[in-house]
Amino acid sequence: MTLLRARQLTKRFGGHAAVDRLDLSIEAGEIRCLIGPNGAGKSTALALLAGSLSPSAGAIYFDGSEISNVAAHDRAKRGISIKFQLPSVFPELSVRQNLKIALSRRYLGSELDDRIDETLDLVELSDQRGKLARVLSHGQKQWLEFGLAISLKPRLLLLDEPTAGMTPEETERTGELVLRLNRSGVTVVAVEHDMQFVRQIARTVSVLHLGTVFSEGRLNDVLANEDVKKIYFGEAPRHG
Amino acid sequence: MTQVELIALAYQFGLAVAFLILSAAGLAVIFGMMGIVNMAHGELIMIGAYGTSIANRHGLPLVLAALCGVLASTATGVLLERTVIRRFYDRPSESLVMTWAIGLFISQAALIVFGPSLPSISSPLGSVAFGGFSLSIYGLLLIAFGLAVPVAIYLLLSTTTFGLHARATMQNVEVARAIGINSGSVYSATFALGAGLAGLAGALYAPTMSAVPNMGGSFIVQAFVTVVTGGGNLVYGTLPAAAGLGLVQTALTAVFGNLVGVLGLLAAVIVSAKLFPNGLAHRLSGKRFS
Amino acid sequence: AESPIKIGLLEDQTGILAQGGLPKVHGAELAVAEINAAGGVLGRPLELVVYDAQSDNQRYQEFARRLTQSDKVDVLMGGLTSASRVAVQPIAERTKTLYFYNNEYEGGTCDSNMAITGVVPEQYLALIPWMLKNVGKKVYIIAADYNFGQILGLWVRKLVKENGGTLVGEEYIPLSVSQFGQTISNIQAAKPDFVFTAMVGSNQVAYFQQASAAGLKIPMASPINGTLLYEHKQLPRPVMANMYLGVNYMEELKTDENKGFVERWRAKYPNEPYINQPGEDSYVGVKLYAEAVRAAGSAERTAVIKAIETKDICTESPEGKICFDKSTHHVSHRIHIVKVEADHSVTTVQDLGIVQPSWLGTMGCDLTKKAESKQFTPEEPKH
Amino acid sequence: MRSVLRLLEGDQTIGRGLPFWGLMSLLFAGALAFGVTAGSFAVENCSYFLVWVFMALGLAFMWGLGGTMSFGQTAFFGIGGYCYAILSTNWGVESGLTMAAALLSLAAVALSAAVLGYFVFFGGINGVLVSITTLAVTLGLETFLSQTAGPKWAIGRAELGGFNGISSMPPLTVPWHGDNVEITGRSLYFGLIIFVAITYLALRILANSKVGDAMVAVRESPLRAEALGYDVKAILFVGFVVGSVLAGLSGLLYAGWGQYISPDTMGLSAAALPIIWVAVSGKDLTATMVGTVVLLGLSQALAIYGSQYALVSLALILVVSIMGCPKGVFETLLRRIDSIGGPGDQNSKPVRKSSLDRSEVLL
Amino acid sequence: MDDVLRLRKLHAGYGGGAVLQGVDLRVGRAEIVAVLGRNGMGKTTLLKAVMGLLPCTGEILFLGQEIAKLPSHVRARRGLGYVPQGRGLFPSMTVADNIAAGLSIGAIRRSRGDTFKGAIEDLFPIITKRKSQIAGTMSGGEQQQVAIARALIGKPSLLVLDEPSEGIQPSIVQRISEAIRQLNEDHGQAVLIVEQNIEVIAALAQRCYVVENGRVVDEMRVDRTSVKSLQEALSV
């Protein structure tokens, strides 16, 4: 079943089309990675899917119904969750309160506390629970935002460079977490420049270039594609 | 409408716009660049006017007296920045209360020291008559200043190193310092610039109004309205906002009288907030922010 | 000694109205000092309890309560604007405290619990017929856009009509406006013989400078622009030239009574920039109160009111001898028409003598017959 | 007890546990005792302070919690006051309808707040423009009402009175055995004390409910809040209406207290006052409630004893207190009291952020 | 005393408790030194302390002079070029103005060679192609490139880089590493770099420190074959 479909999705900033007639189709239960050069339109595409940007043209379908004009918060309620490229957390609240605010829409009382603790453990921030989000290190903020994004058990999880600034070991743990979520039924779309991570979680990748899909397929095929090498990997694609 | 009436109307429009711009310029620099809502703006204007008035009464010619007024407000600005304002850059709402209290202090101190009013100074330059109307030549000078000030500030901020450093500091102090910009003096200088511009408004309007401790009040509403409608940038924001608001006000005042003019100005602010929720400058400079 | 008679005085000593309010405190102090030096009233000294209302009507309310309920004064005095009067009035009423409003105002208050000692339109606007006769028939009104200005506008319209003049324009200007370019050019277009001005507050005073800078040289008439903020002293010459004022008091009036008054005032307050009309009003108000108490033989409220309504209560004042009008609790005043010259000196062009506060009577206000609290406004003149 | 406290305590408010609630009960009891023992003037004067508390609490709610700094509190104060004045003057005290007038005034305030709020928040106005739009509304109302002098500006029997405002309308009354008993003096005071307490507790419950969570989320990061499923505009709107209605409540109570309302309650200087109270006290509900009364008392005391130095001293006191306690004098104090009870939940220390984010330089 | 930078017993923090607890570290002439460590261990704090953005105690010798007491902007003018974590551009200024800000500081401005400027522009075509775009509207990787260019263009004696490769596409990461190595080889450019991308470190660094809980817990030489050992060091 197709969970998410974008048809001719376009976003223009002034004259420049950051996303240009993008067609994308994600199956339920899939993990899809989007890769592509800087400025290819990956972040813009994710923001369009999450509803924090509104498209200039084109349509988005989620779970069979069109959501192009559905507000971001309604999309969140329908089960679309996003982690942005730059960490976006509630800066003046503690780590715990960040999660509480995310979760209190759905849980109450001791169940709320349990869910908060569970998520804190999952993103390994239990020690930092009392700290203000503002003072976390960059990587810790990434973790926290990841926690916010997954806390509501979304059906579709959009991740924009989730492992930026993480050590290889942490990257791997993130990958495992993503796989675990996926096994519990979460569909994942991830933007990433770290091929190690892409290899770990995804079988299919879409290469975006100039706002549209440039190439799509199994990771190894894409990695071997000369044109993709030229626009993205450079001379010596690693682990290729 | 006869040609004479048209000229008279154009002159009114120029005066209205100049008043909006000159009232707002200092505030625009301090608010637009530093994010400080300077509630003492009116009192800085008053200091400019008082300085001018007092210097003039002690025999200085008007031009020099006006310079004294500007210097007085600039010096006050530096003093305030060094002692108080500097602690509040990252706390806008506290800075609002702070500057409100400072303004109250200044105007009340002026009442205690100088009494309820100062003798006003006379408008220089006389008037010109044409076709049954006559206009104050000093008004033309005000109009000229109204246009020159934003342009000068624009050039200062966009073409000089000071401007570059000021803009950089206001956007990200930490990084600005880390790439070698002396943020402390940039802050002082920027605040002083804003205070000096406020003083300039006071000095320029001193010959047209009475000098009383609360005189800043007659500028402050227009100043806030213009700056916020404009969005903090003098050329892309304040200037067109002043032109738009001035047009609305002049037209309504000319046709329906002063009350409708005042109400129309306020209504225009609300409508423009709706049309340009990020301020005019955003729209006009075509700049968007992620 | 006998216990003092307490006068609660509430004036604006700070804030935007301080220029009007400070002399009012001085005037009352001077009157109290003089009366006490002469042995007080009924053997009792007068005592002032003064609060600064800070040009804030809410403060008027707060302090009117404090004076009446906590300080328990025998009489309440003060208030510059009508708004402050209206803020105090109900409190005085409820606490059964007599209220003396000592200020020029737009007229129309018929209130048993009040004594109103300032001049009213039918007195100071004697100026208008005089102007129409001596200066010209075409009138342009500019006035502050609130009660005082609007009601004066009605009066002037009525007087212009009755005296065969024509109104060539009229503008009411919000108090916040300080730029008058449009008004000036409207006046130039209308070409009146004189401009009636009732501009109030420091913003609106700017009109005179701007009009003068624009070369406007039309004669002006006003009951207030000169008496309250003494524009002719504050503004550069010759901005106020050709201004005709209808006044009960100006420091410059060259009557014998005034000469001594100015000397005594200046001796006590050598730094006073100008003895404005509210200052004199306040002085006279205290003196009138003292006379009323004397006549009543008691400072008790109903006795004093009774005295005002039944006895001839008069006082010597800088204007001369002035008296309470029994039926309206207002006061007769001596009105001068004065002219401000190019050098801003003031000359009397006509002494109209004592003018009675007659209008409320014609409207049916008679407090000797019926105790009440009513506000009258003049009717829109019929076209 | 536990479950009641759980509603009243939480991340969004300061003050918890026995020491705090003990202190609050003492304060409440003290206020009641004062009403019994103090002289009638002192009591009435205190009522006057209490009248303003609602407006301040409303602002603390929408600003402290939701980040909306509105200059419009005074506008709604004015609307509340004028509506009450007009309705009660028309119906007269004999009708016994003053309570109905009060309720209708509140409804009018709610309606106008909803209209303005809809325009502002669903029109996409945000940040400092909200403050300035509300300021423009306030000043517009003031300018308009100032010139409504004369009989042509009358609604029924009530003349608007221009700059002089409306006075001598009936105070609040309750029907009692076929009679209308005026709520003035002590009865007004007790009514206000109880009403303040109820409002305070209700706002605390609201603040610590999902509504409070939502408002904080929106204040801290609209982007993230939206992505978590919070309807940012609706939340801002609700916060604004709640805060504004409280301002209207203050307005009608003020009109009922002093039988007087005038346009200068909506002027620029009046509009700044609630913001000063809230900022100096601290944007917490408790801090604002206590701080507003103290600041009003202080400025009155200065006006009485400070002569010409009253305003200068007031200004200096404000400057010093903000320099000393940038988070607000009373909020700082309250945190002290909280920490006496031992370091409880370390997570309950939100630092508030204002809606006036540094605006970008636009060159 | 040949070191460009030398830290001794450096303690630094954010007002609360200290984050750095006595760090000793040196960057020799023409040396590229990397700092590794897991999230939240204090790497960024270390660089900020060097740049003078935090209160600190201890010794910081830069080009033989004690700079620990100097304000940040003076340090920068002596020749420290900084790329903060998370880009740190001036978001509403144009790309050109961002670069100009990096060029505008007294000493640097005087020594600027146009050929060098040209070289930087060649390395980052984005800064000429997008010079009037508002920096805050660029994509993440684009911003990162501008931030690096802004630091390089001032020709600093020591480049201080905080995770410079973050968000940049692989081919450009390679190009940047290459260019920095070139600078290092040709002009003796010294670099202090915090980086998580092991290949970048392997390609660039000659030596590295491992930071854990605000302390240096390990120091090692790096060569192209040590990727595995680096990875191990990081997962302690």
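We just call them A, B, C, D and E in the order they show up, numbering each chain from 1.
To be clear about the criterion, a residue touches a chain if its C-beta (ideal position, glycine included) is under 8 Å from a C-beta of that chain, and two chains touch if they have at least 3 such contacts.
Note that this is a predicted model, so its numbers are computed, not measured.
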| item | value |
| --- | --- |
| Neighbouring chains shared between subunit B and subunit C, ordered by label | D |
| From subunit E, the most remote chain by mean C-alpha position | C |
| Centroid distance [mean C-alpha coordinates] between subunit E and subunit D, Å | 51 |
| Length of the line joining the C-alpha centres of subunit B and subunit D, rounded to whole Å | 32 |
| Distance from subunit D to subunit C - Cα centre to Cα centre, in angstrom | 38 |
| Whole-Å gap between the CA centroids of subunit C and subunit E | 76 |
| In subunit B, residues with contacts to at least two other chains | 108, 111, 167, 171, 217, 221, 259, 262, 287-289 |
| Interface hub residues of subunit C, defined as touching at least two other chains | 14-15, 145, 172, 174, 176 |
| Per-residue multi-chain contacts in subunit E, two or more chains | 91-93, 137 |
| In the complex, subunit C residues that touch subunit B | 14-16, 18-19, 22, 145, 171-174, 176-179, 181-183, 185, 188-189, 191, 202-203, 205-206, 209-210, 212-216, 229, 231, 233-237, 239, 271, 273 |
| Complex contacts: residues of subunit B adjacent to subunit C | 5, 8-9, 11-12, 15-16, 19, 108, 111, 115-123, 126-129, 132-136, 138-139, 207-210, 212-215, 217-219, 221, 250, 253-254, 257-259, 261-262 |
| Residue ranges of subunit B touching subunit D (in the complex, touch as defined) | 31-35, 37, 39, 84, 87-88, 90-94, 96-98, 100-102, 104-105, 108-109, 111-112, 154, 157-158, 163, 166-167, 170-171, 217, 220-221, 224-225, 228-229, 231-233, 236-237, 259, 262-263, 266-267, 269-270, 273-274, 277-279, 281-282, 285, 287, 289 |
| In the complex with subunit B, residue positions of subunit D that touch it | 63, 69, 119-120, 123-126, 128-129, 132-133, 135-137, 139-140, 143-144, 147, 268, 272, 275-276, 279-280, 308-309, 311-312, 314-316, 318-319, 322-323, 326, 354, 356-363 |
| Subunit D-facing residues of subunit C, complex | 13-15, 51-52, 54, 56-59, 61-63, 65-66, 69-70, 81-83, 85-87, 89-91, 93, 145-148, 150-151, 154, 172, 174-176, 373, 377, 380 |
